[in-house]
Each structure stands twice: as C-alpha cells, then as structure tokens.
Amino acid sequence: FIFMVLQQIQFTDQKQEYNRPPTKTVRSMSQSSTDSFTSVHSDSSEDESSPRDKHQKSAKGLSDFCIKNINQADFGRKEIEMAEQEMPALMNLRKRAGGEKPLAGAKVVGCTHITAQTAVLIETLAALGAQCHWAACNIFSTQNAVAAALVKAGISVFAWRGESEDEFWWCIDQCVAAETWQPNIILDDGGDLTHWIYNKYPDLFKKLKGVVEESVTGVYRLYQLSKAGRLSVPAMNVNDSVTKQKFDNLYFCKESILEGLKRTTDIMFGGRHVLVCGYGEVGKGCCAALKALGAVVYVTEVDPICALQACMDGFRVIKMSDILRQVDVVITCTGNKNVVMREHLDKMKSGCIVCNMGQSTSEIDMAGLRTSDLKWVHVRPQVDHVIWPDGKRIVLLAEGRLLNLSCSTVPSFVLSITAATQAMALIELYNAPEGRYKKDVYLLPKKMDEYVASLHLPLFDAHLTELTDDQAKYMGISKHGPFKHNHYRQSQTFLSLTHKHTHTHICIILK
Amino acid sequence: FIFMVLQQIQFTDQKQEYNRPPTKTVRSMSQSSTDSFTSVHSDSSEDESSPRDKHQKSAKGLSDFCIKNINQADFGRKEIEMAEQEMPALMNLRKRAGGEKPLAGAKVVGCTHITAQTAVLIETLAALGAQCHWAACNIFSTQNAVAAALVKAGISVFAWRGESEDEFWWCIDQCVAAETWQPNIILDDGGDLTHWIYNKYPDLFKKLKGVVEESVTGVYRLYQLSKAGRLSVPAMNVNDSVTKQKFDNLYFCKESILEGLKRTTDIMFGGRHVLVCGYGEVGKGCCAALKALGAVVYVTEVDPICALQACMDGFRVIKMSDILRQVDVVITCTGNKNVVMREHLDKMKSGCIVCNMGQSTSEIDMAGLRTSDLKWVHVRPQVDHVIWPDGKRIVLLAEGRLLNLSCSTVPSFVLSITAATQAMALIELYNAPEGRYKKDVYLLPKKMDEYVASLHLPLFDAHLTELTDDQAKYMGISKHGPFKHNHYRQSQTFLSLTHKHTHTHICIILK
Amino acid sequence: FIFMVLQQIQFTDQKQEYNRPPTKTVRSMSQSSTDSFTSVHSDSSEDESSPRDKHQKSAKGLSDFCIKNINQADFGRKEIEMAEQEMPALMNLRKRAGGEKPLAGAKVVGCTHITAQTAVLIETLAALGAQCHWAACNIFSTQNAVAAALVKAGISVFAWRGESEDEFWWCIDQCVAAETWQPNIILDDGGDLTHWIYNKYPDLFKKLKGVVEESVTGVYRLYQLSKAGRLSVPAMNVNDSVTKQKFDNLYFCKESILEGLKRTTDIMFGGRHVLVCGYGEVGKGCCAALKALGAVVYVTEVDPICALQACMDGFRVIKMSDILRQVDVVITCTGNKNVVMREHLDKMKSGCIVCNMGQSTSEIDMAGLRTSDLKWVHVRPQVDHVIWPDGKRIVLLAEGRLLNLSCSTVPSFVLSITAATQAMALIELYNAPEGRYKKDVYLLPKKMDEYVASLHLPLFDAHLTELTDDQAKYMGISKHGPFKHNHYRQSQTFLSLTHKHTHTHICIILK
Amino acid sequence: FIFMVLQQIQFTDQKQEYNRPPTKTVRSMSQSSTDSFTSVHSDSSEDESSPRDKHQKSAKGLSDFCIKNINQADFGRKEIEMAEQEMPALMNLRKRAGGEKPLAGAKVVGCTHITAQTAVLIETLAALGAQCHWAACNIFSTQNAVAAALVKAGISVFAWRGESEDEFWWCIDQCVAAETWQPNIILDDGGDLTHWIYNKYPDLFKKLKGVVEESVTGVYRLYQLSKAGRLSVPAMNVNDSVTKQKFDNLYFCKESILEGLKRTTDIMFGGRHVLVCGYGEVGKGCCAALKALGAVVYVTEVDPICALQACMDGFRVIKMSDILRQVDVVITCTGNKNVVMREHLDKMKSGCIVCNMGQSTSEIDMAGLRTSDLKWVHVRPQVDHVIWPDGKRIVLLAEGRLLNLSCSTVPSFVLSITAATQAMALIELYNAPEGRYKKDVYLLPKKMDEYVASLHLPLFDAHLTELTDDQAKYMGISKHGPFKHNHYRQSQTFLSLTHKHTHTHICIILK
C-alpha cells in the first residue's frame, strides 16, 4: 500500500518539506509577514474554538466554506494586492486571456499552502473561468486573513491555521464531497488530495481531466502509481519543469537568507565568518548572498562536483570540525539529517548563530540541545539562547526549523514562476484534445516553460530578440521556440551502467 | 544668540538628523526590533499618563530617575545582551581595564538616543568607574525597556518614548540639577545638553573636564562657540574621527537597506531597477548592497567627482526624469530637500516603491502627496499605498522618514565603532594632564583612532602584522603607530583660493 | 555518406569549433602565449619547407614522427611544465597509479589540438602505460615547440602549425598506418580520425577497444553512426559529462574575456557599457567577469528562459538596436550567424570595440566590413581599425574570429577537467570487462565524473565531508557516491509532446 | 644640499616610483603594449649607437630634437590614436577651447614618462597654444615610437629608451638651453627638471610663471624648498588633488593586476588562494579585482584602520607566516621594504607565484633568492622559476619589480584623469592674474578638480543633475560647485597632540 512505502523513502529536494500531517513543516510562503505585521490583528483576537463547529456564511450568502474569521478579509485583501505587484505573470495571464475563458467549465479542487501568493494563483484560475474549491496542504501554513479574502471573493476555502490532523482530512473531504459540485481536475502540492480522491472516490478520480502536481513528494507518488499501472488519468509534473529547477530554490534562498538572519539577530554581515553546510541550490543561494554582503563563507560538501563548483566560485571547502571554532554563523542546507550534532555545538564559540535553511527539522540535533545541562533563554520570537554551564551561549534560530519559515518575508516574484507554471499545466491538461495525453506522468512541454518565462520578462522591462528566418534555419529550430534542441537533453540518458559496478572497477585501477 | 543662528544653517551629513525638538526625527538604532518583536509587550500595556507625574522607585531604592515602566527591565536586559554580542570593542575595554577604573570619580552626564547599543556604552563607562546620569537626545527614540534595564542596573535615566518638548528639557535639567550630584564631564549627541548647561549653569560648565560631542550639528555649535571665544572647556569632536568617517554611514546603510525594503514590501531584488539619488557615503552603501543582490542600479548626482566614482563603480549616472518611468524603487540619499517632487511621483509607474535613506524628512515631497486627489491606503505598518485617480499606486515607506528608522534592525557592530570612540575620548579628556588640552575643539588623536579600530579586530579573528624596526625606520613611523604620516593630511590645507575667484577664471578660459 | 550530411547541420555548442579542414578555426588553447612570448624564437627562425619532406630523427634515434623543428624541444618542455602546475588532476592520476599501469598494452591513437595542455594529457597516458601516436585535429593550432618536446620524450607526433589539408590527412594516416604498430583505442576531438579509420581501415576499426570523443561535432557523428547501426565498437561521449558541461565554457570564458580585451585595446572596464549577445554558458561567463570589474553590461537573448536568468542576475535584456549607439564594446556569444550586421555596425559610435567569443566566424558580418567605402588600418596584432567615410572608427578584434583564439592565454586548469575526463574514459573503456559496453555511445558513469572532480580538489586545499552510514541510508545513496539519484536525471525524459503540436495549442488559448 | 637630504627619506605613496637615475624604476605607462606588440618592430632593428651622436632632422626640417629613430613615427601615431580613444577629457579640452588658445605664448618644458598617454597630454598643450620641449623622467620608460611621432608632429623631444645617466641629464639640459627658446613654465614628474633649472639656471627659474608637479617625490622637494624660503615661483601640487587621490592608484591596480598575472602564468583565478600584503589603495584595488574573479584573498596589514576595512570588505586579515604554506600567489603592495624575505619564500609551497605591485624593488628579498643553492630557470619574458634543492619551484614575476611595469597594459582612462589635472593646473598658473599665487605650493582649487571630473563623464554617457536655487541655498553651496564645504576638510586639522604623548597615556590607562 503506497502510504506505507512512502514512510521509508527520503528525498533530496532541499526546500520542499514533507507534507504528511501532523508532523509536516512548511516553507511558509509569506508566513513571516503575518508574523511580524499581522499578529496583533489576527492572533490575539482569535478564539480557541474550531471553525468546523461554527456555522459560517459570507456576505454574498455563500456557505460552502470553513475558515477562521471572515472579518479579516480586508486585511487579507491588502496582502493579496501586495503580492499581485510582484506576480506579473499571473496578472498578465488574466489580461492576455481577455474575454476568453480557457478554464470555463473547469472545476478545480486544490490543495496547497494558502497564502497571499497562492491566492493570486487561485484568483487567476477563477478569472480564466474555473470554479475552485480549496484546502490547505499543511496544518500550520494557512494565512487566515487571506483565506477570508478568498472566501469573500467567492472561492470555497476549507482551511485555517492550526488544524488538527482530523480537521486536515475533513477539510480535504469537504472540498470534494459537495453534493452539487464535483471537481474535474486537481491541483495538488504533496499528493494528499490526489490520494484521498484516488482511494475514497475512485470513480470520481477516473473521470478527472488530470492532475497537476508541484512537489517532489507528490511527483514521486505519481510515478509510483504510474509504474504500478494504476494511474488512470494524465498527470503533469511541475516540479521538474525548467523554470522551477532553474529559479526556485536558488533565488528563493538568495533573497531570504539575509533578512532571516538580520531580523532575528541584528548581525552585521561584513567580515563575519559563516559556515554553509551543503552547496546545492539552497547552499548556492545562501553563499552568493552572504558573500555579496562581505561575509567570509566556508562550505562543507560531500559531493566532489558540488565541492569543485564551490571552490571555483571562491569558497573554501572544509571539514566542519576544522572551522567550527572560528565561525560566527552556521547554516545547514543539506537536506540530510544529523548535520550539526551536539558534539559540533560543543565546539562552537560563544555567540555563534545556528540555523537551518535545508529541508527537514532534523539537520540540527535538537535533542542534543534539550538536555538538562543546557539552559534555554527565549530572547525574541524565533530566537533562543542556549547556554552552556561555562556561560557559552549558542544563538539558535527557529528551533532548528526552516529559517525562512518564520523569520523572513518571501519574494512573491520567485513563487510567481512556479504558480504560473501550475496555471499553464492546468490549462494545457484541461484543453488538450482527446488522446494527446495518456495515463502517464508528463513534463510540461519546453515550449510552455519558455512561455512562462516570457510572461515574467515585462516586469524587468526586458525585450527579447527575434531570430531571423535564416538564423532559425542555421540553428535548426523554430523562430518561436523551443530554443534548445531536444537531443541536448535526451543525450543525457545513454547512461546504462550501475554505480556499484563502476565503483569497484575504479577502485581496483586507481586505489 | 546661538540658537537663532542655527535655525538658518543646513548640514550635509546624511545620516545625522537634526536634534532640535520637537520636529526632530531620528536614526533610531534598534528601534525596529522593538517594532517588530516587542510591540505587544511594551506598547499595549502602557498607560497614557506622563512618567513625570509618577513617583518611581527602583528595586534598589534608587529614585533619581524617570522612565516609563520599570517592569520592562528584563526584556530590555535581553536586548542589551544581544547588542553586547555585536559590540566587542566596548566589552574588550571593560576586560582590558581589569581592576583599574580610569573613570573613577568621573560624573558623566549624557544625552544620546537611549537604545540597546547606547546602553552598552553607558554600562561600559560605569564599569570603568564613572557615575552616569542620562537623558534622551530625541523625543521618540528611547527604547523604554532598555531605559528600564539601565535604571535597574543603577543608572539614573530620565527619558521615555514620546516626550513632549517641555518634558524633553525637563529630563535634561533633571540630569544636571541634582542637589547632591554635579557632573564633571559631558557626553553629548546634538549639543542640546551642552548648551543647556552652558546657558543655565555657566559656573558648572566652566568647571567641566570637557565635552565629547558626536554629531555634525553639535560639533558645528562647538566650533561656533570656540570661534566666538566663548568655549571655556576643551571639547572632543568625535564626528570627524577617521573611524566614524570611514565606517559609519557606508556600512550602516549597506547593511540595512536590503532588510528595510524586504520587510515592508517583500520585493525581490534580482533584476529590479532601482534609482538611488545621491552617491555620498549613504548612497554608496545602498548601491553596493543592491547591486550585490542583482538589482540594476541608477544614480543621480550633482557633484561630478561623486558622479565619476559612481560611473567607475559600474552605475549609470542619469537624470531622474530620464529614468523615472522604468524604475521599481526610488531611494533618496542626498541630504538635500525636495529631491522627489510631486511632478516626479506623477511620472513613476504603478507599484513603484519610494523611500528615504537620507537626512531629513524633506527629501520626498510629502505635501505633494497629501492632496485631495490622491487616496492613501495604509497596508502595513510603515507602508502606505498612495493611489492616483487612474488607479496607479505608489508604495510609500515610512511616510518619507528615514527607512531604517522603523523598517529595519541596526547592525550593532557599526555603532560599536562610534561608541568606542566616544568612550576613548571621554577617558582621554578625563585623564589628560593639566594643560594638554586648551579651551578648544580637538580631534581624537590618530593613535586613538587606531586603538579603537584594533579593539574591533578580534571579532573577525584578524591578526595584525608588526613592523620590524628596520621597516618602521624606512617608513619613518613608529612601530606602534600612528601608521600614517601627519604631513599627508596636512598637505591638504595649502589651498588658499576662494572658489568664486577660480570659478570665474575657468569660465573665461574654457567657456 | 556521412560527410555530406554534416555539411548541412549546425550545432549550438558555443565554444567548440568546427573541425573540418581547411576552413576550421580553433579555440587555440595556449596559442596566445605562443603569440606573445615565443613568436620571436619560434617563427622567425622557421624555414618554409614542409616537414613532410625532411628526414627527421630524434636524439633517441626515434624516427616515426614528423614535426617542424626538434630543436625547439627545450622551450616546449618549459611550456609543458608551466601547464603541469595548473593541471593537478592529471599529475595526481600519475601519482595515484603508483607502480600500476592501467593502460599497459594500450596503443592509443589521438587526434587533438597539440598544445602544452594536451601534452600533459598525452604524457599522462604514457605514464600509465600507453603507447601513443598523435596527430593534430586542426591545421593551425599545433604549438611546434610542444610537439618537439613530446617527440623528444618519445611520443610519435605527426603535426605542425600550418599544415595543408593534404598534409592534415597525411599526418592522421601516418599515425595509424605504421607497419609494426596498430592502435587499439582512439582518443578523438572532432571525429576526423575516427572516420578516417572507419572508412579506410574498417578491419582495424572493428578490433578497437573503443573510441573516446570530446567534441559536439564528433559526438554527433558517433550518434549518427550508432543510429544507422554502423557503430561496431563502444564509444564514450565525453562532451556531455557533467564536469565538462558545468565547468568548461563558463569558467573558460569568465577567465579569458578580460585579458583578451585588455591586451588588444588597453580598455578600462569600470563603467564601460558592454553589450553581450547571448546568455548561454559563454555569455554568462563573459557577463560575470565584466560586471565584476565594474562594466555596465547589457544582454540580448532570443530564449526567454536565458533572458529571465539574465534579468535576475542583474543584466538589462534589450534589443540590439535600442542600445547600439551607447555601447563601448559588443561581444557576440550566440553560436549563431549574422548577429552583428553592417547595419548594426553603421549605428555604433566611434571607437566601439567589436569582437566574437562565440562559435563561428560568421557571428560578425565580415563581408559587410570589407567593402570599398571602409578603410582598414591594422594597428596592432589582432586589432584593426575600420574607418567610416565620416571618420568614425570601429575597433575590430581578431577579424571576427574567436577572441581567445589569439588574444588571451588559456586557463590550463579549466582544460584539466576535460583532459582528466578523457583519461578516465580511456582507462574505463580499455579495462572494462567483456560485455559491459555494447556497440553504442555511452556517457561516462556519474561515479567517474565525481572521481574527476575529486582529483581537482587538492589544488584548492579542499576537503570533502564524508557521509555517516546513517546519513547515506537516509539519503538512499552510497557513502562513496554517486551522490545524486539517477531518477533525478531520468525524470527529465518523460516529455513526449512535439513542440509544434503544443505551440499551436497555446496560441489558440492565449493569443 | 637638497639632493643629499632626499637620499634618506622614504615615501609611502605606493605607485609612484623614485625618479632618481640610474637606479630608478618606473610605472611604465603603456610599457607593456610595447613589450608584447612592438618589440619585433622597434627593438630588433635598433642599432646600438647613442642617438646623441647622430645628426637628426625631421621631415619638416626641425632639428631641435634627439630620439632613437624617426622612422617609427607611424607606428607611434597609431599607439597615440589608441590612447586618444580612452582619454576623452583631454580631447574634450581641445574641443571646448575651440579657437581660443589659453596657452598661447606658453613655452612649456616638460619631464615625464614619454608614452602614448603623455603624448596625448603634450599634444593637447600644443593644441591649446603652447610650445613644448620634452625630456624623459626615467631612463627606461620612453616609448621610442611615440617619441618619433611627437617629433614628426613638431614637438621637440629629447629622449630615448635606455639612456645613460649622463644622457639623462644631457637631454634635460637640451630642453632648456636652446639659444632661441626659453621656457616660461614647467611640467615636472619627480622634480629632476625643476631642480636642474633651479640650480643651473637660477635667473631663468625666477622668471617662470610656475611649476606643475605630479609626483610625491617632486611635491616633497617643492615643500622643502618652500619651507627653506627658497621657492621663488608658485607651484601646483597635482599629486594631492582629489581626482588623483580618489581614482589613480585604486582603479589603476584593479584594472591591471588580473592581466599581469594571466599573461605571465596562465593562472585560473577561481578558487585560488592569494595573499595580498597591504590594504592601502594598491592593495584594495588588487583585492577587489581578485575577489571579483573568484579568488580567496587573504590580507596582511600593520595599520588597524586599514585592517578593519579589509575585514568588513570580506577579507581575512592574517599574519603571513600563518598562511604562507597554502597560498598560490603572494602580491606585495605595502610600499615598505623586506616584506617577503627568504625565510618566507622557504615556507611557500611549490608553484607559488610571487610578485610586487608596490612601490620599490625591495619589497621582495631578491638577494635572498640569488644565492647559490637556488637554481634560476627563465621560462618566459618576465617569468623565472626559482628552484629549491628539493625541487620546489617559486614562480617569480618581473624579478620583483613592479608587475605592471612590463606584464600588463595600462588603462589610459585612469591616466587621463591625472593628465587632465596637469593640463588644468598649467592653464591656471599660466593665466592667473598677477598676485593670485604667491611663492608657495598650492593645491588645485576644488572647483577645478570637479571640472576635471566632469570632463570625463561624457565617456560614460553620464548626466549630472543640477541643483535648484532653493536646494543650493539649503545646502549652503553654489549651484555650480564646489559641492563640498571647505570646513569639512579644514575641520581635520585641529589635531594638536603629538603621538608619543598620547601613546604613553593610553598604555597607562589600558595596559
């Protein structure tokens, strides 16, 4: 049974969090803006009863929703408007569609984080003709005010911050099980919604136009279904689209690491010694930003290819134990577990800041810090001083959870790229003529990746050059794209050796 | 009368604010951390009555103080401890002094912003033997919790956030006019305290060991006094010390501009077009940080020398009107007034962010924005959308006041440099043998600048090289510094022409 | 017939040049150092007779070689020693092999540029036990002194600078057609050697252990053979190895563009406006270096994905015609033809520098510049001033050929990565057990890519971190690599749509 | 006697070389372009006889000159035209003068390096009406072809490369001692010309309009004269002008260090460990360029203020002995002597590159390298491998002389700033009304600095903003500049303490 299998598998994507309640943690989108700016409004006034127990009705008389507090709608609307400024591609999509409604008749059921940025996506789908029912993919990440604004605008949202696991599944079920409304297409982030329908409403599932999935986890689950011959509808893998791979993690982290550290610690970056564990996309983003502000950055790596890149980009690649005593900040970006252990923490100098930009909560050894010999002092939201018996203090951020979970804002623009890709995938699947897509998992056509990219260019006042007929012919491509050959990509698949085989072999020859 | 004169004079230092109540605004030090993290604690619980009307007593029985709320002391202490981590020079001074008390017997009356960073300075003076009475140099900048922590630690503080002008002068007077305690040295920021004593307690003034002054304004007032032959004690001009000039504005702005923009607007920097008005130290800091994060930065300048630097550093120097329509952000850093006028704002594109990192509140034409044809929507703390009749919206930050007043944290380390210089100046003045200093304004000896710099090196694990005897002789300097020749500096004063003279001349020759 | 087919095909790799004599041009490896430093020694003393007509014998009595002048061997040896300093991976390979000779019995016939860097490769193969016969893959790129040093060291080289086409094929044939020596493995760069043997010595070809091919062109020809079912031996595609793709073009261009421009024009980079046409790997390298030195860089692009990257990296993406009048330098990096045409050149301002870092000689419209209305003045080697009737002058570098062909040195280290990969591929093919490789084209196993990368780390004093057993298990990989999952790569191949299909579709929906 | 005194004095300016023949070495201006491009033409064909012994006549019949070979004029003219492209300020000066001849009647005798860049200056003076006689300030730095071009254009040049000391003074004397021509103003670089006239032709000296001097050395000699009351004419100190101080060393070194290293060693910068000794302007320029290309840069410093700047700019400040074993390159930029000694060289790893960007030839211990235990191998022009008994090799560049003396081109633009300042100073002195300048040393008026800067802005297409009347009044300055207050500068001179005094004092208080 597929859920069982998943428990044992680990993924290497560094930003995407597990989406399994109740343990799941999140990249919280603009969580942080909520924290810093809206907490007074939203949190203090909230009662403790579950929204599920209340009878709710919107001003328009709509009642198929369940959220925390409809009165926060105005504040949520402002947040959405802020996000719209930075998400030009979706706004362009609305504009370019003009009167046309490419999603007319589409009944989209969605399960994502519910934030200002996803609200822009959802309202774009609506503007293109879709009806939308929406649940949260994470029990903690819903911005209640945004949910309220969506409901006020006519979207059926079932989500609030701090759902129990029971409530999580109840919300998902409410989105699907309306008597008078049946979804015909899925937009999922993590696969929970997809598998809920697949398992509980198999007939409904078979009639779907398709599934659009963004996360590593969800995509993996779809490939498993497909391999097992049980995927009965086409699915779009948005996670591996070029736009997501080339832009998301790198720029997301580059843009948020500085603010995350500043806000919590007032640190000056110039000349400070920072250790970044891992030089994948997350590590590359963090290193680039920190170096740019004058920090002296060290890198640990296990993969020699990434290590060589770090070297040539100007970073010292070093073992953690060789540098720990002199660094001012340690940032984990590995996607692995047990990266910073108690023995490492014991060696750090007093005042060292420790935080996590990687995947899971297990990169830093929290258990090792919660021992009776250490004293914790909570000095600011998301900031604890952990004090050793000799007075040494480690500055721990966000209790080892993702730093940009709650300590920084989110660049809406970066999220815009993925959101626009999701919208395109939905349009493509919904409008594809019979037979174009089989019961399989597809990547978004390269052409559409390019289209998504082009939607973002006006924000930068960027102007593309057009190939002449002659030049296009010379390159062997169409004037209108795609602009890279297929064989470029495909040539990477001739690999037919298993690693183990090769490994042994090299060892013999070269010691 | 000196106050009259000052009304008419304008200064070019870009960070330093006027310190004249009640209109004065401030670089608020860690104001922002208060805003984001402590507002719930500190503000909501505060009553509206003036502290002046209350009878206050500290736990130790001390009663010569007047602050908002002694109960906030614990929170303030944590903020001070956070600042201590980043202010190693002052902590080193305490340590190096060992048992010695170079300020034993010193009775310091101070008038500065009262923040976590100045608290570290004040407590350092106390640790070195001084008794301290302290008032605020600005009616808005006092961190009440920090003031409480200082009082709890035995410092006589008379200050709270939101003083009236009357209360401002009352607080200053309370610091001086104690029956049993008379100050013998002044630490001032802006000159208000100095002139209060000079005018109201002339006998006390004459007996002072001296005055240490940090601000452009205050230094200017001292030189005026000196010119007029009325300065009856020696004064130290800290503002023009090398350490302050070379580090303060540049790094302060470089470290805070990004966070200020991120926090308020969630903007992504990569590829965004930013116009920075002015390429002085403030502008240089902003430009460097923004370029480092991938922004496309344009500069306006009036001074050809600064303009040439901007060019060679890779920035386009351009007239505002030629670029306004395409920029995403406009930042004023000129120290001048009327830089961004309504006519400029009319030309900007919708969504353009406008903010001020310069000196005064008059860089951006606020009056032009407060007209009846424009609609203001307050979307977040410190963020207003100003909406034009055609729907265009300008994102205005901090109502045109200093962006790092309330929208970012402050790098304590940068402030540490100036604070350490103040402490050194105080020690020097207090301990100087009779006759070393006349009744004049002095710069801190270069040797002391170097000492202050060296106090900050351990934070970076930096190790100086020592000159050999041979090398020192070859360079004609002492092995122990100062390391730059005096004639280097002095040679810059042979200039004896007036500009006007020259100007006419050039015009004739070269058109 | 395969040669015919190739005439019509164009490739997009930007650095690799066509290798078809006699029109072929080259990335010349350390061509430039020869130009600037050795021309006096080597060229002036050379006679004009063809080496083919002379009877040559080395000091050791060896006579199976044909080069220009054996007397230059000492100078060539110094150049090789310089290169060895920067090619640690190959030197490490020699060392790690210790006494073992993994290439014992290997008879390698090679056809590459003959430069100091390839000499290090060839001598490494020899040190590992191989016998080597070598020809040049380009009629202009042989460093005669290096060839001499190789011969003196016992390698059979048939190559000199300035071969005729006839001589080119004669040299190749001499390498193969020795009476007493038959190659059993090929190392090729461009496919000329491979196809010569394939066509002329089919029996020999079938007995080969395999072919290692580095170039885009050569790899393409191998895939054609394979598709046609005519590839009778296994082949290794080195061109698409991770190490080559991730390091070669980007760092090669980043490291050479500055010197190429400086040497020829004495230009100061700070503040100069540079237009880079194309933001592929070559363009990215050029842009990064120029921006780093303070230039204001503009980019033209046809591909929206690359354009978006350029934007987010801080470059203005613009049409050429909109910026031409104000730029100081234009650099073509597209791999396409007719990028800078006469009409563009007509619009440039006087003094504008025009050069090519891209693939072919056709990026700049040389024909348009060789018209009778324009006057050419040759001002320095590789520098012509082309003068318009009105006196405007364009500074043309290297007559539109690759700038780093003759105007800059080459970073040996970057070439080291590819050379080490070639050596590994040769070792792998030669030692693979029967049956591991079929008659097909293979990518180097990922494990070996990682091994090559690791060989380069000691130069940077870089130290890898080792995974714990626990961590390796958590990530689902071996402790010893490969460190990235296969499914990551393979998931990119589900794409099954044709572009045209999709293209039409999008156009309908979105205009 | 003044020459005696000078022998004992050392200066700290890092670029300016001593100008005392015959030991003097030079920043050679475009020396290097000569080396790489013109050596074949110019050097090989040159005879060994002294030009002094030949009877020379130019095409125009002019005979008051003495150069190497008038036939090289065409090549020299091309070099001058190349330089003109990068020296817009001087070209603008010519243009702006229009018909006017502000130097009509001026008889300028000059003594500078004779290079393409100074030729542009000399011809500008001529275009503005001056008659010019010119000698070289350095026996090695004359570009013979440029001298020829100048003569062909009608300038009386007495200079060639490789003068003996005797010839050096003979040339200077020839410039002055013409029967029919007497100079009335001096342009000097180093003071040799000035003192020759002062001593040998005292009557002529007294009648001069004045002296313009560029070098540290020359300026120092002028101040000495002035102090001694023997300066009988006004002098302009160009060395301490703002434009020279802020632009010259920093950008000069930033622009030339990369090419200097590349050309000689083919080194790849990415990830390489570089030790820069000294963080003055020269060191700052080197560090910035190297870091920008991805090198890992370490700094040694003796001055804590410079050290703190290095830290905050992101460089590790370290003692040489702590890092020597791991660096790939060592660059001296201190202006001091004995910086890299044999004991340091003994510790470096094999392959380490050692070079000097600082002032003198004594930064690197050449004597220590010329011992019998070490073997020297000359591998390229300006490159020696020094080999230790155990096989270790140090790569020594330019035998410890200035790297940009012979290993890189020179950015003409940077030199343009100083050259334009010299021209302005000459115009000012020549045209000043009686009495404006006394017999003293003057700095160029700030207004003129700004004018020189503004002359360079068009090259960058930079556009200045103009102050409104209102803004100018608010700032207290003229709309047309100068844009910085005088008191800013002057306030730095109140310092009245001696260091020693202070030093002792601090030591007592703070240990």
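Worth pointing out:
The first chain written gets the first letter, and so on, giving A, B, C and D; residue counts start at 1 in each chain.
The rule we apply is simple: a residue touches a chain if its C-beta (ideal position, glycine included) is under 8 Å from a C-beta of that chain, and two chains touch if they have at least 3 such contacts.
Since the model is a prediction, treat every value here as computed from it, not as a measurement.
Counting hops only between chains that touch, chain B reaches chain D in a minimum of 1.
For chain pairs B-C and C-D, the one joined by more C-beta pairs in contact is C-D.
Chain centres here are means of the Cα atoms, and by that rule the chain farthest away from chain D is A. Centroid to centroid, with C-alpha atoms defining each point, chain C and chain D lie 40 Å apart.
Averaging C-alpha coordinates per chain places the centre of chain B 56 Å away from that of chain C. With touch defined as above, residues shared between interfaces to two or more other chains in chain C number as follows: 251, 268, 270-271, 294, 311-312, 316, 460-461. Remark: chain D residues 270-271, 291, 294-296, 311-316 touch chain A in the complex. Listing the residues of chain D that touch chain C in their complex gives 30, 33, 36-37, 39-40, 44, 78-79, 81-83, 85-86, 251, 254-255, 258-259, 262-263, 265-273, 289, 292-294, 326, 351, 377, 379-381, 385, 395, 408-414, 459-461. Listed in rising order, the residues of chain C touching chain A in the complex are 9-10, 12, 93, 96-98, 100, 102, 219, 223, 237, 240, 242-243, 246-247, 251, 300-312, 316-320, 322, 335-338, 427-428, 431-432, 436, 440-443, 445-451, 453-454, 456-457, 460-468, 470-471, 474-476, 478, 480-497, 499-503, 505-506, 509-511.
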